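Two complexes follow with chain A in common, the first pairing it with chain B and the second with chain C.
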Partner chain A sequence: MLTAILLSGLAVGAVYALIGVTYNVMFSASRVMSFTAGQLGMLGGVLGAAFIGVLGLPAIAGFVLTLAACAAIGVLTEIIAVRPVLKSLEQHLYVLSTLALALMIQQFTAITWSTEPQPFPSLFGLQGGGVGDEKFWLPILACAAVVVGLEFLYRRTLIGRAFLAIAEDNFAARALGLPERNLRMASYALAGVIGGLAGFASGQLFLAFFANGAMLNFLGFVPVALGGLGNNRGAIIGGLALGIFQQSANFLFGGVFASVAVFSVFIIVLLLAPQGLFGAPAQRRV
Partner chain B sequence: MTITRRGLTLGGAGLATASSLGLATPALAQSEPIRIGWLAALTGPSSAPAIGFDRGVRHAVDTINANGGVRGRRLELLVRDTQGDPTKAVNAAQEMISRARVHAIWGPTNSGESLATTPIMARARMPNVHPCFVDSLIDPARYPNAFRMAPSNSQIDDAVSKYGVEILKLKKFAVIGDTTGYGTTTVNSSSASIARHGGEVVYRATIDATQPDLTPDMLRMRNAGAEAIAVWTVSPGLISRLMNTRANMGWDVPLVGHPAMGNGEVGQLIAKPENWQKTYILGFKNCSYGADGKLPNHVQAFVDSVRGKINLEDTTLWWVALGVDAINMIAKAVQESGGTDAAGIIGYWNTVQNWPGLYASYAWSPTNHNGLPDGDLVMSEANSLRQGAYRLAPGYV
Partner chain C sequence: MGLLKQALPFVGIFAAALILPLVSNDYWTLIATRAAIYWVLVSALNLVVGFAGQLAIGWVAMLTLGAYTTSVLVAGNVMPPVNVFLALGAAALVGGVAGVIVGLPALRLRTFYFAMTTLGFATIVTQIALAWQDVTGGGIGLVGPVMPAPLDSIFGFYLFCLALAAFCTWITANVAHSRFGRSLVAIRDADVAAESAGISKPLLLGSVFLFAGAMAGIAGGLFATLQSYISPEAFTFDLSVLFFIAILIGGRGSILGPLIATIVLTWLPEFAAPLVAWSTFLYAVLLLVIVLAAPGGIAALLDFRSRRPIEADRSIVVHTDVLPEILAGRLSADPILLKGIVLSFGGVRAIDGLDLQVEPGQVHGLIGPNGSGKTTTLNVISGFYHPEAGSVTLGTAPLPMDAPQTRAASGIARTFQTPRIIGESTVLQNVMVGGAINGKGSFVESLLALPRHRHDEAMLRHDALLALRCVGLAGLAEVRADRLQHSELRFLEIARALMVRPRFLLLDEPAAGLSGDEIHSLGSLIRAISRQGTGVLLVEHHADLIFEICDQVTVLNLGRELAAGTPAEIRVHSEVVSAYLGS
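Up next is the complex of A and B:
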């Protein structure tokens, strides 16, 4: 019983964590909370099912094409919904523009794909529940790969350091000659890849379903708030904790009450630590 | 005789007055088409039933017209796509009543729409037959014009409870639904029905249809001692996850309940075909295969007659059969009452007893507008869909 709860909790938590990282990567480059993060996760599942399940492409080709398509959607988000509102960030117009784009993506998927969940093909043929079931360990593996990959990117590569510079102070970065716009677009492409990976890896768990986007938007935002805005480690830990707590609450209280329990804890945490568990209090410039 | 301008004017005015007073109406009414309104959710997320009904409706209209109509009058179908939206259904019903002046309405096809349109049709005394399940839609005192041609929710709950308790001889039930209004209310009514039939509800819950893993919920059900699970949802995702989790747990508990568990989409989502076994859904005697693999004779004859004309592979037979019955029921009322007067049609329906339809044998009275006898409700094997119909569940054959 404990194994089942831990396994499913870690699996769904890993997906929430990856969507949280998707939010953060977009936020770091633009100071914009883009509500297309969950839709990128949804598209990862739908496109994976379409390429492999419907078109019959080999799994590896379907995987690469899915990530490429999600990267393109990420770039499109930057061009359509973010760039036009960057000059008036304080008016929070990005809430409207990114939400509108997210809704368009969702409706387009519903019309062209299906309004019912569709199967996501098994990638390795490892099913049957339990620890060996790929639907549980694929999201965990994807999460681990993203953690390692981001650490490598940010600490060991020049472009990663440029991302960090933009995130730290984009005015200073521009003054140093960094191509801010191109780096921002690259960040959105990276966010698209991470979101798409989350959806692809969890396709068997969540199925290829257009409504997953809204659910992931919501539950993927919780680890961001819990872990602190822009803090990837916080998002990973927050996401995994959310998943385990949600599955435990499912077992202890049942479906509907589980949601109440999850969000009660979420509100309590934010009341006690408004900046998130791993976030630093905002500094006021004087 | 000379015709003066004054005389011509007076004569014309007299003719116009006579026409407006209805002196010319009887002749027109005897020849005008019989207009039937068809409120159909043909598009949108809840369109599957209406698409099936529509095939039967059009087949029946074409057949009757090809045979000379009813009392020499052709049937004319006025279809409005409500998209499953109550607002659109209300607008369409009002248009049918006020502008199109239909003589009877078939539909809407889901309860949400019907809750909105039923009072409007009642005010207009519009003869209405519909296939919606919610109990409160039928009330001969408040809605004397509304007649149900499908089971009510209470009948469905009782059929499932009776099957679990009396035929499968099980005592302890888990009752679950999705978190929609339908799921929540049906969990309550189904639990009450199981208790009435002598079963014990050891676990009841609503589950979000998007919940990715149901292992915790099913562990709770098993720990509570459930011997069967009554399932009330139309979500293929939730249903298939239940079946897959049941298989992964090695738990051979039967699932009983909503017909959606037999949908083809569920078949696509389950991990293995055997995960679909031991699942019993509500069905209808006339539209179920017996031990000999055949439908009742008159239904089998219908299926044979429409082979190649109506596609039954991507819909269910009972939707098509009920569509045929609805049109035949309206046509029969016009035939027997002698015209399209609303009171006459309603009066005929109030006398219908054991009316032999394809879908069921209907019976109505002035105090009972629920047309489906309890005996017509059966349970079917969910994984046995063939040409739109299912095989009877164990215990009936």
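Up next is the complex of A and C:
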């Protein structure tokens, strides 16, 4: 029982954490929270099922194509819904523009794919629902890979440092001659890859279902709210904690209780620590 | 611009709705019933989204709660069956409570966080409806309530919903045109100014969340009656999108716009069968287009008044003779006292042990180089910054920290370095916001336009026109504030501050960007205000103005007092001359 809770908790938590990182990567580059984060996760599952399950492509080809498509959606988000409203960031129009794009993605998927959850093919044949089931291990592996990859990117590569510079101080970075717009598009592509990876890795866990987008939007945002905007470490810890908390409540008291508990924790954290548990202090208003 | 002319489009729409059943069939009557029910929800949600600017994208949750509450109570599967009207009341209660709970985070955090909260709440309500099978019937659902005769016929129920929709239009219009409606818009577009005017954000937002939740609950009960059978599938997120988008397409701060949008969006899918599947996609495209291309929505297209040219060559002529009437009887014998104030931002000491005394009836100049702590001092007095050490008192009474909304009641008003105005409201409405705390009527009295509400409105309007005449903007009262010149906005802010009937007026660089003539007018206005007994604290860089009108001058440098005294003393102070004024 404890193993089951822990394993499924870590698995779903890894997905929430990755969606949280997707939010953060977009936020760091543009100061914009985008509703497309959860939709990217949904698309990872649906596209994976479409490429491998329906079209019968080899798993590795399906994987690469899925990530490439999600990266493209990421870039598209930047061009359509983010760049036009960046000028007036304080009006928060991005909330509406990214919401509109997210709804378009969700509805397009519902109509052209299916409104029912569809199966996601097994990649390694390790199934059965036990401790060895790949549906639990794939999200955890994906999460670990992203943690290591981001660490490498930010610490060791020039482009990663440029990302950090832009996140730290956009104006100063531009004054230094960094190609801010290209870096922002690259960040959105990276967010697309991470979100797509989260969806692909959790395809067997959550199935290929159009409504996963809204679910991931919310549950992926909770770790961001817990950890503070732009804080990846906070999002990973918050995501895994949320997953274990949710699955414990789910196993012990049932699904309704788990949903209510997660929502209550979210509201309470927002009221007590509006900047998140690891977040920075508020900006000056006057 | 008469009341009649404003009401005309609404009368037209509801008259057309009345004759609709006579000229069409039951099918169209049912569609119109649905539009009316949606409007009951949307009209109230409009106060939250369109006026207060809170992005409540998941309001379908309140509709769901209302629908289930009514159906369960009428069906009697948890307790003895209840009368359908009592059940609707219970639905309003449940919806209202849920509205307040979901709204709580909005008091501290705006925009994305709040949008997420409502989205999360909507998801959870659906999950509970699915899982709590004993009560809700789970995925199978349950029978909706049935109205008593004569409301059980298609036509009777339609008339009932239509009457309710008309009533909702009326009460939300009352609120929109009350100090509460203006305060909501102020919270949306100029929240710092709203707080300085004494508007209590928690109380006001709490009231509209409660109201919008309650109306959504009632709409839910009617929706369940219309559907005659409800299951979680009836309450998709698409419905929430419709409500939300109707308001944005209609235009923020408008009632007619969202009404038209609600009708159009409800009917749109009926025009062509393929549109049904794609309707939400279409709404989303519309939303994107509106956000990127026409942020004002339908209301901006219908706003012909703001396209009329205004006189280009205007000058400001102040009328200080009306000041006694504006400030009448609101005088203080006590000074504002600052003792040992220390405040740091990170490692920088913005204020480093400052003592200051602002006397009533005097103009006190606060000057110094950039970064010397002038505006910071003003923000400490008006309650936005919490100093690490020191005290701020009015006479002997301490002024509470971190509570800028309490300053107006203490008679302390202020203006801002960058004017904080509501661009979409008229000049008159902007000024009326300043007098929000002078109103006596409650939110409920405004909903129903009871006598105290009408008295408040007449009084605020009278006072605001007087204040506008005083600062020389009376001719622009009905013009949208974003069409004014920068210098006029500075005078507009002073008029808004005068609405508080201030005992102390804090001005943050009021002369910045003004022409020579305008600075002269400003000087005589400030001087006249202080002669009425109001203490003025003037942060300014124009040395000429300072030395001309101030009784006392304090010079700051690096957060400390460099010199203090009369203008004559300061003008010859050697350190001030070398550090700031130049010889």
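By definition in this document, the second predicted complex is superposed on the first by the 282 of 286 C-alpha atoms of A that agree within 3 Å, B and C clash if a C-alpha of one lies under 4 Å from a C-alpha of the other, contacts with A are read in each partner's own complex, and residues count from 1 in each chain.
Convention: a contact is a pair of C-beta atoms (placed from the backbone, for glycine too) under 8 Å apart; a residue touches a chain by one contact, two chains touch by 3 or more.
As the structure is a computational prediction, the values presented were derived from the model and not from experiment.
A.B. asks: Quick check on the chain A-based superposition: chain B and chain C, clash or fit?
C.D. replies: Aligned on chain A, chain C clashes with chain B.
A.B. asks: Could you tell me if A:F221 is touching chain B, chain C, both of them or neither one (first, second, both, neither)?
C.D. replies: The second partner, chain C, only.
A.B. asks: Quick one: is A:Q118 in contact with chain B, with chain C, with both, or with neither? Answer first, second, both or neither.
C.D. replies: first
A.B. asks: Figure out whether A:A81 sits in contact with chain B (first) or chain C (second), or with both, or with neither.
C.D. replies: It touches chain C, and chain B stays clear.
A.B. asks: Where does A:G254 make contact in the superposed view: on chain B (first), on chain C (second), on both, or on neither?
C.D. replies: Touch partners of A:G254: chain B and chain C.
A.B. asks: Check whether A:L178 is in contact with chain B, with chain C, with both or with neither, and answer first, second, both or neither.
C.D. replies: Touch status of A:L178: no partner.
A.B. asks: Between chain B (first) and chain C (second), which does A:F108 come into contact with in this model arrangement: first, second, both, or neither?
C.D. replies: second
A.B. asks: Where does A:A4 make contact in the superposed view: on chain B (first), on chain C (second), on both, or on neither?
C.D. replies: First partner only, chain B.
A.B. asks: Once the two structures are superposed, pull the chain A residues common to the chain B and chain C interfaces.
C.D. replies: Comparing the two interfaces on chain A, one with chain B and one with chain C, the shared residues are 215, 254-256, 259.
A.B. asks: Where on chain B does chain A make contact in their complex?
C.D. replies: Against chain A, the touching part of chain B is residues 45, 179, 205-208, 210-213, 215-217, 219-220, 235-237, 244-245, 247-249, 265, 268-269, 271.
A.B. asks: Please name which positions on chain C make contact with chain A in the complex.
C.D. replies: So the residues of chain C in touch with chain A come to 55, 57, 101, 104-105, 108-113, 115-117, 119-121, 123-124, 127-128, 131-132, 191-192, 237, 241, 248, 277-278, 280-281, 283-285, 287-288, 291-292, 295, 345, 375, 379, 384-385, 416.
A.B. asks: Using the touch rule from the top, collect the residues of chain A that touch chain C in their complex.
C.D. replies: Residues 33, 80-81, 84-85, 92-93, 95-97, 99-101, 103-104, 107-108, 111, 214-215, 217-218, 221-222, 225, 254-256, 259-260, 263, 266-267, 270-271, 274, 284-286 of chain A touch chain C in their complex.
A.B. asks: Within their complex, state which residues of chain A touch chain B.
C.D. replies: 1, 4-5, 8, 11-12, 115-119, 127-130, 133, 202, 205-207, 209, 211-212, 215, 247-248, 250-251, 254-256, 259
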